[in-house]
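Chain IDs A, B, C, D, E, F and G follow the sequence of writing; residue 1 opens each chain.
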């Protein structure tokens, strides 16, 4: 194995590790809001790791490196938005947080008619 | 893998047909979706074998796509079929929605007025 | 198969299993947003798997699918999340 | 806007992988057409060349430097956050005490709020839930709430400050 | 001339419409020139035909089907053409008086003329298919004539009944004729007749003959199809007189006579015709005595006589052909007259009921005189032509060609029908013209207009004068007709007073005598219980059949076309399975070896297996959104497989479409109730599961069989090789899409485009009852649903119409 | 009122990027994965993201294109280049290529123009569909029917 | 190379697209619609003559040699269908001027008609199996749009079933095409015929043919796949019903003739008994349904089903004579069926209802309409010498020649029941007294009468000119079965295997 390959493998390993963590989180965590943590954070870092690994592997081809960077940026920008959207949708559709979620400063802040948040 | 994917095609068809035999319009649509997935995957099996990681692109050095690359024709056909079924499915969705609205029910068995004797 | 490829293959297998876990959540729910979270994560898995597949096979052409898949994963998640809200009854 | 156009041209050149002068021109033209098309999603008033060429940033290099520093900070935070996450998830017994906390906002620009929200989501233990309609409060879900007040303080101090620097 | 006569008649049909503008008697005289001309033309041919000539004429039409406009005139045809055109002339005159003032008279003349043309064509045709064409046209024109007074339900019913029965028989006839022609190797009648020997030996003989019988029996109102004829009496009397007594109903007899030389003298022919004819004859004779309606009485008597004719056609023996021909002529003469007179009575007295008529001999003396004479002819009283014909019948019956035992039965039947014939003739005359004045008649009944009596007068005169010295001439005229029926030199000899006291004469006199005696008991006979069981009533069976059919059809259709999509889908799936499964199982797996699973990578396996998992999740989802998300996983996994198996374009398209479809689905269906209702029972689910499983298994099987059974090299190799050199592109798939098979792609975008048009119209064009906001006006959002402006833009702009098309500008 | 600042900001940012990506897919589709369909669908996705974030009314306002007309123009554009072959007495859709490749774009010929027609049609159709569907609940608010509780699965 | 074959496709397509853009200018849209349809009619007539004179016309889309590119092939059958389609569309457009309201016109009524014309014409011209699939989808989706245009509840309910069941048929078609490509490796019909003729005995191909049987059978409305038809055909505009009633199921029959007559010849022989059974059942079930109905258009809709059975019989007899009769019957039925829908529809349009029990008195009120109806319905039933007779006679002759007694018996019997249910309409709508005073009812103007009159005239002309019509049908049937000359015409003298991918031959 060339050093490049080793590096690739290592970084990819890290990425895969975090993706696995997010999967496990998704399975193990008790309520939706905590699962969003797992998906939104670990999943993002994991995929970034994998992409980075590929970027390093193809480091000689700048086009690919750039594409990988573009993708990483894309995930950085979009993953949190998705998490936010999901949490919000869940909250609005009445998905209950796990029992000892305290404080819950959002409770009752949505106007039931207009969905305006005060 | 051909065998496995054939079985997958079978499940897609079975699931699709089962859903289409339900009474809910949404299930009907999803049934159609599965059915067209099944058809596309079935077509995919009809190419020159399942070939991993050898897409039909001309290799710059050779000037031709490798003869053992995946079947480009079947891909073009599936692509056409996918797009067509997208158009048709969207039509069905809109129609089902409107029918649902007109009948005020998503129960297909409530939509029998045009056959009533 | 080189050691590198074997390593990647193992990682891909791990990813596949992890994918199974995400699918489990998709099936299990219980709420719709739960399923969407799982959906989002499944797309991430697919992006990862394809990336690794390209790394092992060197078939760079396939890499271009990643951008579109990512965009669509985002679009799909956001759309579903948004429309769940519309549909609450 | 011209910056964005340049950015798009750069993106074009990078993804096509061809960097001749013609490619730059094509990238610029495409970028221009796209910006012209999506102009109204950025500005209320119709497209004008003056508005297009207007530069907002005085010192682009400084801005770029700040952004890079910000990204670096963010990246470190993210890695930290994920290690914490992995610990929590992989622990034999789940120990989480979640809570939802409201954080008053100073940032007012769209970009600022968004950046802050994203940063919060990507960093340890917190996910942005929503922004109030009057854009004065940020609601976050936290993984293991200690003292809500401390969380508020820390967030404002570590994150919002940096965001305010870039996008007021 | 033959062709001309037929075509001119058809071409002249619209002339009848003149009567619409002049619905007065003179028009009848004018229009009658047409049949008169035809009569003259045919009469002019008589000498030649009598001399043994035979005229033929043919023009090709649809040669490939054997249809040829081939006409030929021989003795039999001549007899019929003279009857058709001669009686036609009288009817044309009569009609104008009968329908005077009726605005529909024009229509009536058109139908009448078409009928005449059809009838002429029928009897002249020398091609079975041409004959059939005219045969059907007589049914159709008869339908229109019977339904002339279509405001009345009875008229519609009578018309429909006649048409259904005759067309039904006609279909059988058609098949029979085609079979016959197949057996004979020709569609030309004269050639078919020439092939008699060969035909009788053919295996097609029996089916062909039975089918032809069916056609003839329905047309000629033979038992058990006789019931339509009395109902056809709903027609205006001119039509009844013309079609239902003198001409059309004899078409079946004509055809039997025509085919007689070729097909007769087999047991099938003899027994069928004898029994059907005899039964019809008796039933008609009996029932005629039970009718109160004079047209009904005449109709049944016609049935009886038609039965006699069929009997004569079937029974064989040396005298039968002559008797048949004589009967045809005699019947046409007296029955045509009687019908017209009955019409005159109806016209003047306002009723046709025997019980309401009476004593008209003083009020309508001329009518009475003619009716009495014709009735005497009908009864077979000597010195009238009816007597001559009856003598012939009895001669034929005595000397019939039937086996011992049966011959006696037939003889008795003929005599019996003669007895009843006397009886109903007497009923008619005494009931209408004698006794006290009828109770149900109009106030001031007077003689019918002279024009209305012209026809009856001519026909009655013929009945009277033919026996008075014209018998040899008549015989000479009829001889060629007999020759056409019986080719072996049978001679017809008509005579009024036989040279010796023969058995037929005795029987004839006896029948008259018994009949005369029975007139004493007429009321008892009319009131006697029906000889047939009550249910055995053609009318009633017809109605029951129609109603039963309608009800059966309704409940059948309700069950089958039940409006449920899932039931239709079930049929479709089962049809697919039924068509594909057997050959697949039997031949589809020939020579396949079980595949090697070693090359399957674990991670592909996992991805592939996630598809069924997604399917299952979709099936088991208990909410719409859950199902939608589950199904979108299926799409994503398929796209992933596409990536792995070297189809990046496919994967991209699949994913894009999948996502967009999901978004669209959510846009439309997220707002509806979220949960699925439980609508089907467990047994239904199990059944559907079984069907779906079977279909799925079949699809898996066929996919695998085809994928492992590629017998030919695919043409795609050429695309791989020539993509760059000829298509100037490296993405072979895209080159196929835009160039090699760009035509497909063109169609594909058109599909999208049309789908857009359709969806747009469907969503925006609402029926006017619904609140309508059509067209492209951008909607004004209610505050609760949609964010119109991004917050940072502050003030809300005035709504623009989104239809501002820069494209058009 | 749906007004997530976060989503809207990101959606706005994505619009030019996705449009650029779609042009990229269109332009190099003849040689690499992509093409008129994929490009068109991507562009439509860009617009659909705006619809999701801002609602159809806003999108109609900021992108004042008659998409249905665009689809029709796309069809005409795709169909019309084939006529060159026909008027020169050859087959419809016969390809005509410029001798030399255009720098930065590649070889230009009628199939490429055809692909642009496909691109325009797909954008027009898909975006118009999304707009029409998204406007549906605004134009025709649904009358809700009560569904008896015991017949509904207790989910969501 | 007959490049002109593209014209009847491009003209409607471009016209439809332009008409879409200027849809608000009603007058111009109508002009465009009529002009394009007239062009197709004229072209079709010319093609009819040309083919009779010089045989098959062949061209290649984009010039690529067959079997690599997409072949367009016009033979006698194509030409007959092409010309009838244009005629029908033209007549329907004329009828629409009088009956279709302005709102529908604004929602792309005429463009959709033109696109339907485009789709049908393409289906009749293509010589490529997958391309046929595309054309099927085009005409299907155009028909979807037309059948739901107006958005009444009935249209939506019926339309949903129409659409879904047809989509199932489409999927069967797609699967069949895919499987066939897998087995035979090509899509060009000539090439397929060439290759499949080397497989003589029963094989997987027989199973694959089953998919096509179901696919085309469901478009054609064969039992038990016809359910979509009676449920939806009475719901849209009368003009649309008339066009669909005449045309759409026959596209399915056309495809059956084409694909089974050319590509699946040995499978056809194998499946013939099944096809005959299906044909008989279709005739019977259709006519039973018609007897049960009490609405003009619904009766006629079931008749479509019943008569499709006759056309299937023409195929199931597996002989040139059978197919000749089938083609003749189809041509007759296309014309007459549309005429009947137009006339019955005119009565419906005037009365405001299609329910028999609420109609009446039309014979006195509108004698011209009554006359047309009488002629058309007798033509449908097969009363000589109107067109239907020759088709029926041809089928009977061909059936007897093949000694298929049963199907002949069924065919003959069913036509009696057809007569019965046609009489029902005649009695209830035309002969029976009106239930109310009709003097306030609008009169049938030229706009309502002329289109039907044209078709009735065509039907009569086809009856009188039965000889040339039959001759042409025979030519068409022979061409369908003659694969050897097809291969020669499409791929050249050396057959399709010898061709290399290039522009032109």
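FYI, contacts are C-beta pairs under 8 Å (C-beta built on N, C-alpha and C of every residue); 3 or more make two chains touch, one makes a residue touch a chain.
Please read all numbers here as calculations on a predicted model, not as lab measurements.
Chemist: For chain F and chain G, which third chains touch each of them?
Modeler: The common neighbours are B, E.
Chemist: Suppose you hop from chain C to any chain it touches, then on again the same way; how many hops at least until you reach chain E?
Modeler: Minimum number of steps from chain C to chain E: 1.
Chemist: Of all the other chains, whose mean CA position lies farthest from chain C?
Modeler: Centroid comparison gives E as the farthest chain from chain C.
Chemist: Please name the chain that ends up farthest from chain F once chain centres are defined by their CA atoms averaged.
Modeler: Of all chains, E has its centre farthest from that of chain F.
Chemist: If you average the C-alpha positions per chain, which one ends up nearest the average over all of them?
Modeler: G
Chemist: Between chain D and chain E, tell me the centre distance in angstrom, where each centre is the average of that chain's C-alpha atoms.
Modeler: Measuring from centre to centre gives 82 Å for this pair.
Chemist: Quick one: report the Å distance separating chain A from chain C, using the average Cα coordinate of each chain.
Modeler: Each chain reduced to its C-alpha mean, chain A and chain C end up 11 Å apart.
Chemist: Between chain A and chain F, what is the separation of their C-alpha centroids in Å?
Modeler: Chain centres of chain A and chain F, defined by C-alpha means, are spaced 29 Å apart.
Chemist: CA centre of chain D versus CA centre of chain G: separation in Å?
Modeler: Taking the average C-alpha coordinate of chain D and of chain G, the gap between them is 61 Å.
Chemist: Can you list the residues of chain E that touch 2 or more other chains?
Modeler: Within chain E, the residues that touch at least two other chains are 554, 557-558, 561, 563, 565, 569, 573, 623, 625-626, 628, 644, 646, 648-649, 652-653, 656-657, 659-660, 663-664, 667-668, 671-674, 676-677, 699, 703, 706-707, 710, 714-716, 719, 721-722, 729-731, 737, 739, 741-745, 748, 750-760, 762-764, 766, 770, 783-785, 790-791, 797, 807-808.
Chemist: Of all residues in chain D, which are in touch with two or more distinct other chains?
Modeler: In chain D, residues 11, 15-16, 110, 114, 117-118, 128, 130-131, 133, 135 touch at least two other chains, as defined above.
Chemist: Residue numbers in chain A touching 2 or more other chains?
Modeler: 22, 24, 36, 44, 61, 67, 70, 77-78, 80-81, 84-85, 87-88, 93, 114-116
Chemist: Name, in rising order, each residue of chain G that touches chain E in their complex.
Modeler: Going by the criterion above, the answer is residues 13, 17, 20-21, 61-62, 64, 67-70, 103-104, 106-108, 111-112, 115, 118, 122, 130-131, 134-135, 137-138, 141-142, 144-146, 148-153, 160-161, 164-165, 168-169, 172, 175, 179, 181-187, 191, 195, 199, 201-204, 206-208, 210-211, 213-214, 217-218, 224-225, 227-228, 230-231, 274, 285, 288-289, 291-293, 363, 378, 381, 383-385, 389-390, 393-394, 396-397, 400-401, 405, 408-409, 412-413, 415-416, 419-420, 423, 427, 431-433, 466-467, 470-471, 474, 500-503.
Chemist: Using the touch definition up top, name the residues of chain F that touch chain C in the complex.
Modeler: These residues of chain F touch chain C: 2, 7, 18, 21, 25, 32-34, 38, 42, 45, 48-49, 52-53, 137, 144, 155-156.
Chemist: Contact residues on chain G for chain B in the complex?
Modeler: 130, 133-134, 137, 140-141, 144-145, 148, 151-154, 156-161, 163-164, 167-168, 170-171, 174-175, 177-179, 181-182, 230-232, 234-235, 292-294
Chemist: Of all residues in chain E, which touch chain G in the complex?
Modeler: 60-67, 129, 132-133, 136-137, 140, 147, 150-151, 156, 160, 163-164, 167-168, 171-172, 174-175, 178-179, 182, 207, 549-550, 552-554, 556-558, 560-561, 563, 565, 567-569, 571-576, 579-581, 583-584, 586-588, 590, 699, 702-703, 705-707, 709-716, 718-719, 721-722, 726, 739-744, 747-748, 750-751, 753-755, 757-758, 760-762, 764-767, 770, 774-775, 807-808
Chemist: In their shared complex, at which residues does chain C touch chain B?
Modeler: 53, 57, 59, 61-62
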